[in-house]
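Both of the next two complexes hold chain A, though its partner changes from chain B to chain C.
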Partner chain A sequence: MNTRFDEIENRIKDLLASYLESSGLPELEQHGAISGNTNLVSDFTLDSFQVMEFLMEMEESFDIMIDMNNLSNAHTVNELAKVVDALLEK
Partner chain B sequence: MMISDNNFEQKNRHLKQNSMHPTPINKQLAVKTDGFINLVDALEYAAKGESGFNFYDHRGELESVLSYRDLRDDARVLARRLLGLGCKPGDRVGIIAETDPMFHRFFFACQYAGLIPLALPAGIQLGAHKAYVGQIRRMLESCGAAIAVAPASHMAFLEEVTDELDLLMSGTPEDFDSLPEKENELVSPSAEDIAYLQYTSGSTRFPRGVEINHETVLNNIREIALHGLNLNSEDRFVSWLPYYHDMGLIGFILVPLIAQLSVDYLPSRTFAMRPRLWLKLISDNRGTISSSPTFGYALCARRLRPSDYERYDLTSWRTACVGAEQINPVPLKAFAEALKPCGFDAKAFVACYGMAECVLAISFAPLDLGLSVDYVDQDVMTSTGKAVPVEQSAANVAAYADCGLLLPGFEISIRDDHGYPVEDRQCGEIFLKGPSVMSGYFQDEEATLAILDSDGWLDTGDIGYLVEDRLFITARSKDVIIIKGRNIWPHDMEVVAQRVQGVRLGGVAAFSVTGFGDEELAILVVETRERDLDQRDRLAHEITELMHEHFGINVVIDLAKPGTLPRTSSGKLSRFQSREAFLERQKNPALHLPGTVEADRKIA
Partner chain C sequence: MALLDKFASTLSIREKLGAAGQDPTSVVIDELISPTEGMVRGRYTILAGTNNYLGLTFDPACVAAGKKAIDELGTGTTGSRMANGSFAAHTALERDLADFFQLPYGMVFSTGYAANLGMLSALVKPGDTVLLDADCHASLYDGCQMSGANLFRFRHNDLSSLEKRLQRLGDEAKNCLLITEGMYSVLGDTAPLAGIVELKNRYGALLLVDEAHSLGVYGENGCGVAEAEGVSGEVDFLVGTFSKSLGAMGGFCVSPHPELELIRYVSRPFIFTASSSPSIIASTREALRQLRARPELRETLWRNANRLYQGLEALGLPLGPQVSPVVAVRLSRDQEPLSRWNRLLNAGVYTNLMIPPASPDGFSYFRCSVSAAHTEEQLEKIISAFASL
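On to the complex of A and B.
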C-alpha cells in the first residue's frame, strides 16, 4: 500500500543488519530477523556512539541530515523510518 | 531536506564580517595569563588581539567566527539586556550548551552582569526525550535558575521544562536580543564572586553544582597554561568536547581565552558520527593542542581508512592530553601507530588527572615524553594495594599511566582506610588541598561537608599511589562509574532500574568491572523472584532500555534470586562486596545463574 514508506523501512532494516554484522556484534543471530518493531536500543547492545555511527550510515544512504533532536522519540525501526520519511518529504 | 537552523542568520553575521576566515594566531599581542582579577578582565585583554573562537559544521566547514573582540562587545550588550529583565546579582542562568557561539555570548554576558552561568547538557540519546527533559528540569530546579536559554534546536525541550518552573525568562538567543538594554554601568565581579556552576552528574536525582569563584578558576587555568601546557603565542586549540563537561568548558573555552589563543570547534555530535573530521581540522588549521578521554582516540582509530594517511598532516599536534577517565594505554598506542604516517608523534600524549571539583586539572605528565606506564603485579595490587613493579611481559600485569607531577598549588595526601598517610607505591584514597579546590557544592551544605573538611582537604574519592611525587591513578572514584567520558553514579542506575515491574525494591547493585579490551563495563545485579523465562527476558530488556535512555550506555544485566546481594551489618547494600561476589560467580559456572545477559561474552 504505502510503498515508499515500506522501501524506507526495508532499507533501514538492511542497513542495520549490515551495520551489526560489520561491527562484529553477534546480536543478529540471537535476535532473528529485524522487523519494524525491532528496538535499536534494547534489542541490541549498541552504545550511544555506535547508534551515532549507524545514524551516519543512514544519513549517507538516504542523503539526508538527521537532527538528533528529532530522534528523541524514536525507539524502533518503524519509528526511525517515520522520521526519515518526513525528512524526505521536505 | 536539511533541518533548518534558526541560528543560521545570527551565525552568518560574523561570517560576513570576517569573510570566511578563521581567527588567526595573535601576531601583536603578547601571551599574558596573570594579573587578571576575574574572567571579565581576561576577556577585555584578549579583545585587544585578533584571536577567538571558530565553529565548524557537520561537514567540517567553517560556519561562524566569534573573535574575542566581538565576544566582548556582544557580551556587554547582552549583559545589559539581562539586567534589564530585573535579574539580581548572583542569579543563575542555565544555558543549553550546544557547540554554538550563543554559549560563549551568554556565559560571558553573565560575567559582565554578575550572574552565574551553568552549562546544561545538549546531547540527546535516541528515544531519550523524557530522560533529557527530566535532566534539564532537575538541574534548573536544583540551582533555582532565574533564566534559561536554548538554541532553537532545543527550544521545544526547554519549553516542556519551563512551563512548570517560575523563571524570569526562557527563550532562544533571538528572544533575548529583542530585549531593551538597561542603562546601568556594568560592575566588574570580585575575585570571590562565583564565576560558574559545573554540574558533576546531570543524571542524578539530586544533582550537585560545583561552585567555582573567579580567583579559583583563574588560578587553575594559569597553572594549566604555564605548568601543564607551557602555552606560547603560536598555539592553536582544536576541540570536539562538549561545553557541559569540565574538559570542554575549562580546557577549550576558558584556557585558550585566558591565554588569548584561537580555538576551532567541531560539534560533539559530528565527532561521534565522523570522528575523522577532528583530524582534518587539526591538519587544516595546524592545531597544536587537542585533547580527549581515551575513548575518543579509540573511536577515531577505529574509523580510519587507509586513504586517510595521505590526507592528514598531524605534525603540528604537539600536545594530546588524555584524561577524564581511567587512562588505557592500549588504544592510545593503536591510535599513535595508525597515525604515524600522518606525522602524529606518540610523544604528544600527555596523561592528565583532574576533576570539576578542582576546576579542571590536578596533575600533568611532562610534555613531549609521551605516555609513561608503570607495570605492576596485578595479584599483589589486588590483595594488598601495593604497586610492585614487574616486567611488562610478566603474567598478571597491571598497567597504570604516569599522570605526572601535581600542578604547583596542590598539596596531596594519600590515605589508607583509617585516614593515615601511606608510603610511596601504596594505594590509598587521594585527598587534595589548594587554591584550585572549589568552595563547595552550590547551596548544598550536606554534600559539601561529605567531601570537603574544615582544613580544606578535598576527598576526591579516587584511588592512586605516588612514586617520587608522580601520581598514578588506579581507580577513578570508589563510587562513580566512568564509561566513555560519562560519569554515572551507581545510585542513579539503581534508582532507575527499580522502576521496572518485577525488580525487588532495594535489590539492585550497580558497579563496573574491566571487560575485554580493558574497557570499563557497567554491571547491574538485579534481584527478582521472577522465574518465567519470558518474563525474565522482558525484565532484562526493559532495564536495558531504561539504562540507555538515561545514561546512554550498555549495561550487563545479571538477574539474581533474592538474597544474592551482600549487605552490611546495618542492612545496607555493599556495592564493593556485590562486585566481588559477581566476579566470583563469573568464575564459577556452578554458581552461574540463568538469565545473565551477555555476561559470558563480555567479562574478561
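On to the complex of A and C.
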C-alpha cells in the first residue's frame, strides 16, 4: 500500500530526475534508477549551488518552506522526504 | 576518517585550479603601480578585479591621513573596544557614517564580514525568522547560521517569491527579518528595493540591506541602491564595508533604531575582535570625505562602466543583466574557464574568475570590477584582451 511518505519520496525522485535532465547533468543514465538511498552530492556530484536550486524546486512543488538551518542530516532522497513529511504534518 | 583526511579533496581541487598555469585563487601582485596597475609574475598587468570603485587607495589625502594617524596613534589598537576602550577616531567615524546616511545611529566593525556576522547573530535568535535573497553573500548566510534563527530563501530579486513566503509565514511575518544586498557582487545586478520595502511595510517585517558593493556607486550622494530607489529612510539596518569604495578595511551598520547601540553589548563578533587600527580609521574617514566632496569620481566610474560594458557587448559576449561597475562575462558550458582566464592574465589583464558553486547560476564568469581610476587606454586594453580570447 502506498503511504503518504512513499508518495512524497516518489515525488522527490521525479523532481530530482527532471532537475538533472533540465540542468544537463549526465549522471542520471550512469547512476540508473533513483532510490531512497540516492545521495544528492556523492551520487550525482551536485555542487552546493545545485543542491540549493533543487531545494527551491522542492519548496515550490510541495508548497512548503525548508529551513536552511535544518538540513544538516538530509543528504539522501529518503532523508529529504522525512523533512518534507514533517513540514506537511505541521 | 582521520581528522586531516578531509583535506584530500581540497588538495585535488587546488591541483586542478593550478593545472592551467596560474591558480586564480593564489595570484600575487608583486608591485602596485597605481589603483589599477600592478606587476604580476613579472608582467605589467591592468587590474580589473579590485572592487576599488572610486580608486581612492592611492588618493594623496587618504594616504596622508593614514600616515598621520600612525605617527600620532601608533600602528594598532591591540585590543577590542569593549575591553580596551575605543579611540576617539572610532566614535568619530561612527558619527561621520550616521551623518552621511542621515540616520541617528552608526556602528563600526573590524571587517565587512564581521559586520554581517555581528549584526545578524545579535539581531535574530532561535525562534525568529529570516527571509534571505538566494544570491546573498556568504557572510549573510554565515551570520544567519550563527544566529540559529529559522532561515528561508526566496528566489533572487523575485518579489513574488518573497511575498509568497511572507504569506506562508502568516502572523510570524511581523517577527521576520528580510535580507538583501544593494548591488550583487558577481553579476552587478541591483535589488528591487522599492518593491521589497513595500512588502516589508505591508507585512510588518524588518529589512537589512548590505550595500557593500553599492556604497559610493549608487544614489545621488553615493549612499547606495536604497538611496537610488528613494527608500533609504525605510531600511532598518544598512550594512556596508570600507574595503571597496573607501579603499581600506572594515565594516559598519547604520540604522534609525536606537537598539543598534545595544547590539554592541550582545554581538560576539564585535565584542571579541580587535578594533580597526588608527590608520585604517583615519584613511576611511578621509575617503568618506572625498566620496562626499567629489561626485565627479562617481561620474567617471559610471562613464568607465558604460565603456567597458558596451565594448564587451560589441564583441558579442554574454554579460550580466545591467550596466554597472561590475561587468561579468559569462562563459558557455563548453568553454574551459581556467585556461581562458590564464590567457587573459598572460595578456596583462587580471579579472576575478567565478566558477560554480561560487557563481550564482551554475555558469562560470570572468568578473571585471571597474574603477574611476581606470584610464580610457586601460579600458581599451581590457576589451582587446577579451577580443583575443
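Here is the rule we use: the second predicted complex is superposed on the first by the 88 of 90 C-alpha atoms of A that agree within 3 Å, B and C clash if a C-alpha of one lies under 4 Å from a C-alpha of the other, contacts with A are read in each partner's own complex, and residues count from 1 in each chain.
Keep in mind that, in the parts below, a residue touches a chain if its C-beta (ideal position, glycine included) is under 8 Å from a C-beta of that chain, and two chains touch if they have at least 3 such contacts.
Computed from a predicted structure; not experimentally measured.
With both complexes brought onto chain A, simultaneous placement of chain B and chain C is prevented by a clash.
When the shared chain is aligned, no partner comes close enough to touch A:78: not chain B, not chain C.
Contact comparison for chain A: of chain B and chain C, B touches the greater number of residues.
Judged by the touch definition given at the top, the superposed model places A:10 against neither chain B nor chain C. In the superposition on chain A, contact is made by A:56 with both chain B and chain C. In the superposition on chain A, A:88 contacts chain B only, with no contact to chain C. When the shared chain is aligned, chain B comes close enough to touch A:40, but chain C does not.
In the superposed model, A:48 lies in contact with both chain B and chain C. With the complexes overlaid on chain A C-alpha atoms, the stretch of chain B that clashes with chain C is 146-154, out of 128-136, 146-154, 200-208 or 560-568.
Residues common to the contacts of chain A with chain B and with chain C across the two structures: 47-49, 52-53, 56, 65-70. Touching chain A in their complex are the following residues of chain C: 134, 141, 144-145, 148-153, 155, 165, 168-169, 333, 356-357, 359-362. Residues 1-3, 58, 123-129, 132, 153-154, 156-157, 269, 272-274, 295, 299, 303, 484, 541-542, 544-545, 548-549, 552-554, 598, 601 of chain B are the ones that touch chain A when the two sit in their complex.
Put simply, chain A touches chain B in their complex at residues 26, 39-43, 45-49, 51-53, 55-56, 59, 63-75, 87-88, 90. On chain A, the positions that touch chain C within their shared complex are 23-24, 47-50, 52-53, 56, 65-70.
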